[in-house]
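After the structure tokens below, expect a handful of questions from me.
Chain IDs A, B, C and D follow the sequence of writing; residue 1 opens each chain.
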Amino acid sequence: MSGQGLQLALFGAGRMGTIHAANIVAHPRAALAGICDPDDGAALALARAFRSRVRTTADVFDDPAIDAVVIASAASTHPELIDRALACGKAVFCEKPLARDLGTVRSLAAAVEASGIPFLLAFNRRFDPGFASLASRLRKGEAGAPELVLLTSRDPGPPPLDYILASGGILRETTIHDIDMARWLTGEEPNSVYAVGAARTDPRIAAAGHVDTVMVTLTMPSGTLVSINNSWRSAYGYDQRAEVHGASGMLQLGNVLPTPVIAWNAGGGSSDRPQPFFLERYAEAYRRELDYFVSRLEEGGSLSPGAGDGLNALQIAEAAEVSMRSGLSVRLS
Amino acid sequence: MSGQGLQLALFGAGRMGTIHAANIVAHPRAALAGICDPDDGAALALARAFRSRVRTTADVFDDPAIDAVVIASAASTHPELIDRALACGKAVFCEKPLARDLGTVRSLAAAVEASGIPFLLAFNRRFDPGFASLASRLRKGEAGAPELVLLTSRDPGPPPLDYILASGGILRETTIHDIDMARWLTGEEPNSVYAVGAARTDPRIAAAGHVDTVMVTLTMPSGTLVSINNSWRSAYGYDQRAEVHGASGMLQLGNVLPTPVIAWNAGGGSSDRPQPFFLERYAEAYRRELDYFVSRLEEGGSLSPGAGDGLNALQIAEAAEVSMRSGLSVRLS
Amino acid sequence: MSGQGLQLALFGAGRMGTIHAANIVAHPRAALAGICDPDDGAALALARAFRSRVRTTADVFDDPAIDAVVIASAASTHPELIDRALACGKAVFCEKPLARDLGTVRSLAAAVEASGIPFLLAFNRRFDPGFASLASRLRKGEAGAPELVLLTSRDPGPPPLDYILASGGILRETTIHDIDMARWLTGEEPNSVYAVGAARTDPRIAAAGHVDTVMVTLTMPSGTLVSINNSWRSAYGYDQRAEVHGASGMLQLGNVLPTPVIAWNAGGGSSDRPQPFFLERYAEAYRRELDYFVSRLEEGGSLSPGAGDGLNALQIAEAAEVSMRSGLSVRLS
Amino acid sequence: MSGQGLQLALFGAGRMGTIHAANIVAHPRAALAGICDPDDGAALALARAFRSRVRTTADVFDDPAIDAVVIASAASTHPELIDRALACGKAVFCEKPLARDLGTVRSLAAAVEASGIPFLLAFNRRFDPGFASLASRLRKGEAGAPELVLLTSRDPGPPPLDYILASGGILRETTIHDIDMARWLTGEEPNSVYAVGAARTDPRIAAAGHVDTVMVTLTMPSGTLVSINNSWRSAYGYDQRAEVHGASGMLQLGNVLPTPVIAWNAGGGSSDRPQPFFLERYAEAYRRELDYFVSRLEEGGSLSPGAGDGLNALQIAEAAEVSMRSGLSVRLS
């Protein structure tokens, strides 16, 4: 890392790429050393907006001045970009998923582990001030030993059908975040999973053999019980809540509202609805995630969550899929 | 019913009996015509406090001036008192359970049905202003068709061990209220139940083969998914919440706090904790339950919930027990 | 007081009388020994509903078995009933006001003081669980020494115009409750008052020389500053809030909502509106006020608030009126 | 403005300057063209962190490529920098105050007006999502015509004593923000002001003839009444609230909490405390303020609030000072 701060190259000039670009330039110890995207116009616009420049993939990986890469491109490009970054010894900040199939995820996780290259898998919720505070206070013992964990994630609407088919369904796409959260909050890996689901929002989802509404029960070795509920329909915005009940209390994370305005009239008191979706809800999480990445690379420490977290979460999501389709609870080793 | 209002005899001068007695005398169209309890002192004290008189069971059932009985005595006495009330043609307000074993419950429910005698099984939560408002607004379509139901009931502490053993455990004692609520809110009977549990609060509970912490998943024929979580430990008081997520919104019932005072200081903003237990939390529900009973008898209408609701809820609780012990989900017909 | 509990006679079979009657019969240590009202039908209906009997004023005051009177009749009758109760040595529970004019209030307060008869002036808010908790926690030092007090009272609508004219306006009718609360919370008598007002709800109020909207500033000898705001219009129900900011924190009392249900949809999260008016909002306060009266008479202790509190609050309200009409702040001795 | 976005030079490399610098570089249509600060080290550090360069004041004003200046330097430098910017025809984003004395403020406001140069006086609260939403919804009529406005601003602690002396006291330093808010929310200029104050936090403040706790009443021509309360002591963080009661409802702005975590235990439910102070509380307001400045310059529209708002607010604050010292309410023309 030069005296000019951490030199970062960005793959992907879409929504997530734009967010990361703004966060990089506003970070006092990071610089946006280049932007790669197959869409030249998008790359150029982003480069102009943030005083950076468009570069080719090869150029990025060949440039020894680049310390790290931020991978925010299409999911299908992740495996190759990760491989090249590991080969060139560049630290990696990678949007999830590592890859779409379990086999590739497993081999990528092994390669990351073997390489010793700093690698951050961007499970963004862990960096949200609310989820992070919940986790930290739980570890300090504010609720005692966890006994019941309730996780709610509901999206404002389903993804496009082709995205659903590519992603492998709600358990792999949405529930996987809650599975990671359950693992992180309890500090345990589940020993059983049971899932039920239904298709309620769009008949094409049912016709494609998918569901849009699930409830998943995880049991943890300590006896802690976890219940996850997800829906791809939420009339009131993006619903992201968590609750941990322990031996001496409960820690509860509510939704974030855009403003604390309440309007009172004959109908009662009416608040804002929660943030519309992840870009707004997790704006601060993305800032902190980037700051964490920069700070840990400066300090030389390891990064978490890593590729192994992505692998474990995916294995549990796939077991949940087996449970949902069989009606049986599935043991996890 | 005479011009003096509905004449009610009360069985049981304990905690619940005292509550019902006060509500009867404060009701402008009901009168407390007598109190029966094997504990003469308790019966006499209650009679003096509320200007009533102590009576024998036989005297109550023989008195044609008594319109109805309120059964708030020990659970073991319920079957015989119900039988006698049906035989004498007196309307019945009965605290749960009808009986402790499924066979007796089934035959009592059949007898009630056959008799045509007005019978109210006091699932008190249905009369709570909050739960009742939630149910009523749901039926008006304020959340659209239900898709996800979350029910939380956590007691401040476990019952005495001998009570646990007599009651048959947390699923029959505590979860049964949430099962009734799930049936009532969705208007459906579940087609499957899955339960997991753990013993966390007291090693004697585990040693007795019981649990104190459960998560139960019900699936409904419409596709609606229900998750119930219960604990016999809650450091912050009696936790009674419900949430129904539907196609067009969510209805959410929070806890009731004794006062709306918030104390702000360097540690943050601190509210009261929820009401300590059912006597305080459901004080208004007990008033409304009695008023409903009186008003419906005046109008001549049928009563709900009835004995059949007690039977159905118990059958589901017993299936949950089978699931928890087997690790399998259980189909319900 | 006999072994049958405190024998209470009730003056007034209107709205407040009905509430007190139900609370008396539901109290385990009090009995409703008679009801007096110039409206025979109302008195009889109440007597039948609560198993009491109609009595004449003379009969009540002549009956040595009657321990105390509850005065909930028209304000114009209060002075005479108080005088007779003092003469007969019966304890008094008196709805406010003592009287409508300051001279009579002053002489009644002196007479009560001289008599030594237990006398409760029913400033109901002091018995509300929320206001009482705020006061008690303040005295325990939870906010440190008070520095700023904000009191909000807004009625759902203005009283009838003739009532306004008889009562002497919003400062004497509504603000007087907040003035009593300010005195009680701070434990101080103000040394200055400044008031501004406006007529916004009904042109007839302005035409009659009255206002319906006021802001009153009180300064206390310690330096504590108090701001009261009142309106006779509140589209969202009865608004009753208080806030005390002190050296080490703030205690804040919000409104009481009928239920804790929140409905979430595209418009946001919507709570109930506050209770509609005082009968619902202070139902529990009326129960506790009666219980306090009964318990203190049993114990033989003095009662608070007393007639002197009514006198002091009225003097401050009248000074506020002078301030509002003159535009000057008014010193209080 | 070039194709590279709006070229901004920044005066001041302190706390506020750093915030504005980060917001400028993260803005897709603005660029940080230079930083001026008498502290060379601070200027250089900021320039390195955000890829800009250190410049002299003369260099900035001579450079035709610079479109606008952001004045975030010491208050004493504001008048001269404003004058030079007006002379060079550069748009101005100026932190408050324009100047410390009313005469200079008056002549600066006149000069800005005469120049026609776009000028933004950074009353930051107007750009806060919460205050802005309150104002916007009020203008849409969600509460009907305003009748009562309550504004609360309490700082975590008093400024240093020399700062207090320089700033002219709490009314000019803190209350002025609430005065601007009252003007903005009601759309009216007050016709009277009454203020009371006390010194409670530090005897040196009293000894210097200042106060740290005030209540201010404004009356508006429409009859709307405004109550402002301020303290330089708040044990629970930075308290920034507003409430507008109107003919058809109330709009209420609560505090912003760092996270929506609630911890429940035997002591109740405990939230975070509000943000510690303005840097955190108004982080989003500063972003929006900058975006507003950039967007309005692009569009060519006028800017608000302007220098005249600073003048009017200061005149009202000075009248409040007169009221507090005299005990009389002060008429405003």
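Quick note on the criterion: contacts are C-beta pairs under 8 Å (C-beta built on N, C-alpha and C of every residue); 3 or more make two chains touch, one makes a residue touch a chain.
Protein names from UniProt, one per chain: A, B, C, D = Inositol 2-dehydrogenase.
On a predicted model such as this, the values are computed, not experimentally measured, just so you know.
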item: Contact-richer chain pair (by C-beta pairs counted) among B-D and C-D; value: C-D
item: Chain pair equivalent in interface to A-D, over half of contacts matched, among A-B, B-C or A-C; value: B-C
item: Where chain B and chain C are represented by their mean Cα positions, the distance between them in whole Å; value: 37
item: Averaged-CA centre spacing for the pair chain D and chain B, given as whole angstrom; value: 56
item: Averaged-CA centre spacing for the pair chain D and chain C, given as whole angstrom; value: 42
item: Per-residue overlap in chain C, given as positions that touch at least 2 other chains; value: 235-236, 248-250, 264-266, 272
item: Residues of chain D touching chain B in the complex; value: 235-236, 257, 264-273
item: Interface residues, chain A side, partner chain D - complex; value: 4-5, 22-23, 25-26, 28-29, 31, 48-51, 129-130, 133-134, 137, 142-143, 248-256, 258-266, 272
item: Complex interface listing, chain D residues touching chain C; value: 144-145, 147-148, 150, 152, 154, 192, 194, 196-201, 213-215, 217, 219, 223-225, 227, 229, 231, 233-236, 239, 245, 247-250, 327-329
